[in-house]
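The next part holds the structures, each set out as structure tokens.
Below, subunit A partners subunit B and then partners subunit C, in two separate complexes.
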Partner chain A sequence: MGNIGVWKFIGRRLLLGLATLLVVSIVVFAATQLLPSDPARAILGRDATEQSVNALREELGLDRPAVEQYWDWLTRLVSGDPGESFNARLPIMDYIGDRVLNSLFLLVLASVISIPLSLLIGAYSARKRDTAFDHVSSNVMLALASLPEFVIGMFLVVLFSTIVWQVLPAVTVIASGEGPWNHLDQMILPTAVLVLGAVPYIARTARASIIEVNESDYVEMARLKGAPEEVVLWRHAVPNALGPVFQVIALNVAYFAGGVIVVEFLFNYPGIGGALAASVRVRDIPVIQFLVMVLAALYVTVNLAADLATVLVTPRLRTRLK
Partner chain B sequence: MTALPEQQSTPAPPGVLRVSWRMWRTKIGVAIVSLLVLIAFFGRFIAPFGENEALGIPNDPDLEGSLFGLGKLGYDVWTRFLYGGRPILVQAFLSTVLALVLGTIIGLVAAYNRRRLDDALMRTMDVMLALPQIILVLVVIAMFGAQTWLVVLAVGISTVPRIARVVRGTAVSVVERDFVASAEALGEPKMRILGAELLPNVTAPLLVEANLRLTFAIAVIGGIAFLGFTSDPGAANWGLMINEHRGVLAGGQPWGTMLPVIAIALLTIGTGLIGDGLSRAAAGIDRGTVDA
Partner chain C sequence: MTQAVRIEGLRLEAVASGHDIVDEVELTIAPGEVLGLVGESGSGKTTVGLAVLGHTRRGVRVASGRVFIGDTDMLALPERELREARGKLVSYVPQDPSTALNPAMRIGRQVVEVLEFHDFGGSDEARRARTAEVMHEVLLPSTPDFLRRYPHQLSGGQQQRVGLAMAFANRPKVIVLDEPTTGLDVSTQAHVLATVRNLTASHGVAALYVTHDLAVVANLAHRIAVMYAGRVVELGPTAGVFDDPGHPYARYLMAAAPDLGGEREMVGLPGRAPSPGKRPVGCAFALRCELATEECHVAFPPPIEMRPGRMVRCVRPGAVPDRTKAPPVVASSSTVSEKPVLSLRDVTVSYAEKQVVHDINFDLSPGECLVLVGESGSGKTTLSRSIGGLHHEWVGTISLDGKALAHSSRDRSVDERLRVQYIFQNPYSSLNPRRPIGASVARPLMIAGVDEKEADRRVGEMLERVSLTAAHARRYPDQLSGGERQRAAIARGLAADPEVLVCDEVTSALDVLVQASIVELLAALRRDLGLSMLFVTHNLPLVRSMADRIAVMMEGRICEFGPAHDIIERPQQEYTRRLIADTPKITVNGHKDHPDA
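The block that comes next holds the complex of A and B.
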């Protein structure tokens, strides 16, 4: 692609993404600096002597100026060393590395299922617009979109693992070092909650977007000049309908970044969402900082990818950049 | 075509409400939400037992005189349910109102001033959107503990950018219209232009967005309680209640989980139906397919 406009656009977006992450890192770090309780005191408990608290403060580097601490933390984070957990007193990567992988597996599984499924539902509803199928699906989608994840999750647990049928495990039991891909039956419910949470949004946008494009002048024009329906669909309609859909897909993958917290907690899934909830409970600041940055990076990357995909695939926007 | 199509396409607020009220989905939504609001606020007055009154063995499903059996610590499940809705509803409502006020002001100011202030405000909003809401709330809880007003503040403030975007998006085109220019020519103060000229023209999308955000606020605040973060762990709360009782779902006492799950499900579906009615009305008025 020898188009300067596109490259400039990509460069600007990349910079904006990095700037966003930098600001998030400052905010997250500053937030932990504002902490009313002294982490060293929190670790050692109320009975610890002043000397041991001070020694620990020094060991953790809490006695240094904030800017210096921030810079140190940031450079180590970028080089792949997020430091040590306050509570476990272990390198964070040692006991969270597996969890990052587990969560990614869950997110990829949910995305791979929810995106094609919702595009199919959206396209089919657009085609069957105002039929019984369209009405039923749009009302089901509305209800699903309104329900919080933990409510969807509890309904699934009631249906499939406790009261109605006992066919699926209600909690995941995955030993450390063992991948969740070895326990696909335990993946079904957590994945299903995320899929049911995401499908309504993508499907509704896909439906609206396809209907809008189908009624547009250029599709009309293509039909009038006698282009075969296949060509009208794939050459004229679909590329223009994809833009908004990409945006919503990105929003949903990003929504997964928040949704995994509740879902992993609910199913006791060994991922970073559950770990974040657990470390908030014990105020394990370094772990919180690291996990928030990981989730923010995921969020920013996905949005960036969606922006790029939108521009590259939508003919209108691509030409505007020239 | 009438003589002044421009002016007719402006959705006036009573129009949206009135048009959406004609739809069944709005009426059903309002009925469901009203019922749950009644339960949450007045249920406690018909509660058979005290909020923290232990009656017997925890999770005993069939104690004489107890409608749905006992739950955690031997409390009456039905009583806890009648008490547990208020915190979620009040917190979700307050945080949405907070977001609505701040978001509208920021959105209008950005749209009206354009250029640098607009850029600065909207870039700040973008950065705030870089974190999912629940994570922001968790960070705040990690810092200060799960105090109620902090959760309300955190949910409210993290909702601000979402509302500001919608308001700005709609107001930007309104700023270009003639009546704004004439108000400026008349020397009306800026506050008046924002409040009296711009605001009435963004209320339709604002109403739709406010409703959507209320639905999400219920989800986030309920979710935070479900994770076990509430200011008073002893007080009844639907989110917390689900978490406390889901362990005994299979053990013959499902009601401690089922009652609050069904209540939150109905509540969010109710607000979702109202929001759908509003957005259908706003879209219909926009396209001129419905009379305001």
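The block that comes next holds the complex of A and C.
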């Protein structure tokens, strides 16, 4: 891309993303400060003496002014050191690095399956608009979209793991240090829940977008120019249908970040969802902060990518960049 | 001469209901001939145009008939051959190039593409050369830089030229043009029309020119076919059809068409053409035709050859409905009174901090109709919105009966707000779609504090005043036709018993007959109620029959101002002269452009 405007756009959006993350970091930090109980007390338990609690507070640096704590945390985070877990007394990456990786794997797997699948369904229903297939798939999508993940999850468990058939594991048992990719059978249900949650949205947007493009004057014009159907589809329709689809994909990947927490809980999957819940329980502030920042970074990155992709396929937006 | 196009017994119907959209269409076009296919919206003219390319839109199917291009029946071609014929044998120029060009493709590619589909010249080299040539033919640059542009980087006129370039690229035998100049300003339209005329003539291309605008085809087409409710009701040489229409509907069309060249009142006809499924047995025009007899309701009249080459489908060909005998326009005698009702002094309007209208001064006398005419972007609407208090960014003085008005209508007194009424191009701007018409019309009365019973009575009165009935008060805006909605919006304006009516392009979304009837209505209101009117439009011909004085706006200034007759007959400014010259006229001396005249 030799277009300076596009680079400037990327630069601007990156700055904006960083600013967003900065704001998130302040909010997260402030929120963890407001947690009702004292982390030192939470770690040592109810019976610890005032003295030992104070000693621990000092050791953890909790006695310093909040601004100083924040600054210290932020500078270290930026330099790549998220700090130590209060609870495990281990560097955070050693403590939950695996779990971040596990969740990421789940998320990527769900995206890689759901995106092409929903585009196919969307495109096919658009093509078969108002046929039985279209009606059935629309209704199924609508039903799926209105069900919360845990309901879908339970249903799948009942169907495949417990009462009806017992073909898939109902919980994941992945020891730390073992990649989830070594247990693909255990990945099926968690992934399926996420996929079923996302497909309706992407597919519906894809369908609407393709229908709109298909009814557009320029697609009719292409046919009247004598364009073969493949050319109509790939040259005239698809590039113009991509913009809205990118946006909804980004939304859904961001949604996965939240969905992952529910799904992990449901299947006892060793990911960040479990880690986050556990950390909140024991007031493991550094871990909470780190995980929230990871989620925020994911969110920002995905949206940035979608905006960039949209701009690249939309000349009207692209050429406006100076 | 063998015909380039031969349409035989064409019937197209709605897939779902089987209702006829178009029926019994028989047309021919000779090589090099331009046939104007004229009709209002919903008449089926575009459907016929597309059928020439063997194309039907979603929900429409060919029921019977044949469309020959030379010896090829476009409706019988298998998929593959149909594709080969489209864009090569017969091509299409769309109505709105801004939506018909692919926004994500460079225009050069879009032209080259149509050559590639049909393997023009056999090599990329030849296709590049042909692209440059055809760009030249439609008077566009063919520099690499220009070809690399995207559609949105072109002006409307340039976009339509790209449309023409795509259509002419493969040197087709036939070209279908679907209102290709809608939305272009008159000078651009004039250029595009000249290009079409030259290319069809010099390459011997047969053209089907689909339009609702009689003035455009009057100067372009050799023959005219008039469509009503899916049927061709009249067909003949342009001069003949214009001078002496044989079908009553065609007569109404001519009488309703605004014409810069003719000195006559516009005559309108309320109502609308019946849509597919609601068409009566017999002549579909019978519902509105004042000449209708028993016979007309029995069957659709067979074609009658009124004169050689003149086909009319009416049981009384050549009969003249009384209403269409339009009186000539009486030269306006309005004198400028000393006491203007509305006056503007040094009014300068900005839009987003940019000055768009500069130093406007004029007075509107009681009972006068002042027309503000200008092309898009001239600032006419911004100015009129400022007068209506809908746009606030202005300086200077706008006064009503000598009293300066506040910038925003919110800061004006109730009385002031009621006395100046603004009527929008889009009636939905003043009619709440979720409330019955009556409630919307009563709004100004409520503001004025009129009690409910009195308001009800007034609403009924106003609706009747605009030729609606009191029953319309209970209907919702979307249950009305476009013309009825605009009438309701006018009734709402009248309910306040205003002194000044500001009409912003109020007819531009309407069909010719309905437009004329709205113009008639406004004229009657002026006459009967003594209303002063500021009529804003881009449509110069429309002005002729109603304006006392004209203010021509260009780039935010009034460049010429004076009595309507003087300005149209003896324009002083170069800009006005060009505007008038570029505007197509129906009444041209003897139609001398036409071979058959």
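Definition applied: the second predicted complex is superposed on the first by the 317 of 322 C-alpha atoms of A that agree within 3 Å, B and C clash if a C-alpha of one lies under 4 Å from a C-alpha of the other, contacts with A are read in each partner's own complex, and residues count from 1 in each chain.
Operating definition for what follows: a residue touches a chain if its C-beta (ideal position, glycine included) is under 8 Å from a C-beta of that chain, and two chains touch if they have at least 3 such contacts.
Everything quoted here is computed from the prediction, not taken from an experiment.
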Partner chain in contact with A:311 - subunit B first, subunit C second, else both or neither: neither
Contacts of A:150 with subunit B and subunit C, given as first, second, both or neither: first
Contacts of A:257 with subunit B and subunit C, given as first, second, both or neither: first
More subunit A residues in contact [subunit B versus subunit C]: B
First, second, both or neither for A:189, with subunit B first and subunit C second: neither
Contacts of A:235 with subunit B and subunit C, given as first, second, both or neither: second
Touch list for subunit A against partner subunit C, complex: 215-218, 220-228, 231, 235-236, 239-240, 313-316, 319
In the complex with subunit A, residue positions of subunit B that touch it: 126-127, 130-135, 138-144, 215, 218-220, 222-223, 226-229, 239, 242, 246, 249-250, 254, 257-258, 261, 264-265, 268-269, 271-273, 276
Touch list for subunit C against partner subunit A, complex: 50, 53, 55, 57-58, 83-88, 91-92, 94, 96, 99-105, 113-114, 117-118, 150, 152-153, 166
Touching residues (chain side subunit A, partner subunit B) in the complex: 16, 20-21, 23-24, 28, 31-32, 34-36, 142-143, 145-151, 154-155, 157-158, 162-163, 166, 254-255, 257-258, 261-262, 265-266, 276-277, 279-281, 283, 285, 288, 292, 295-296, 299-300
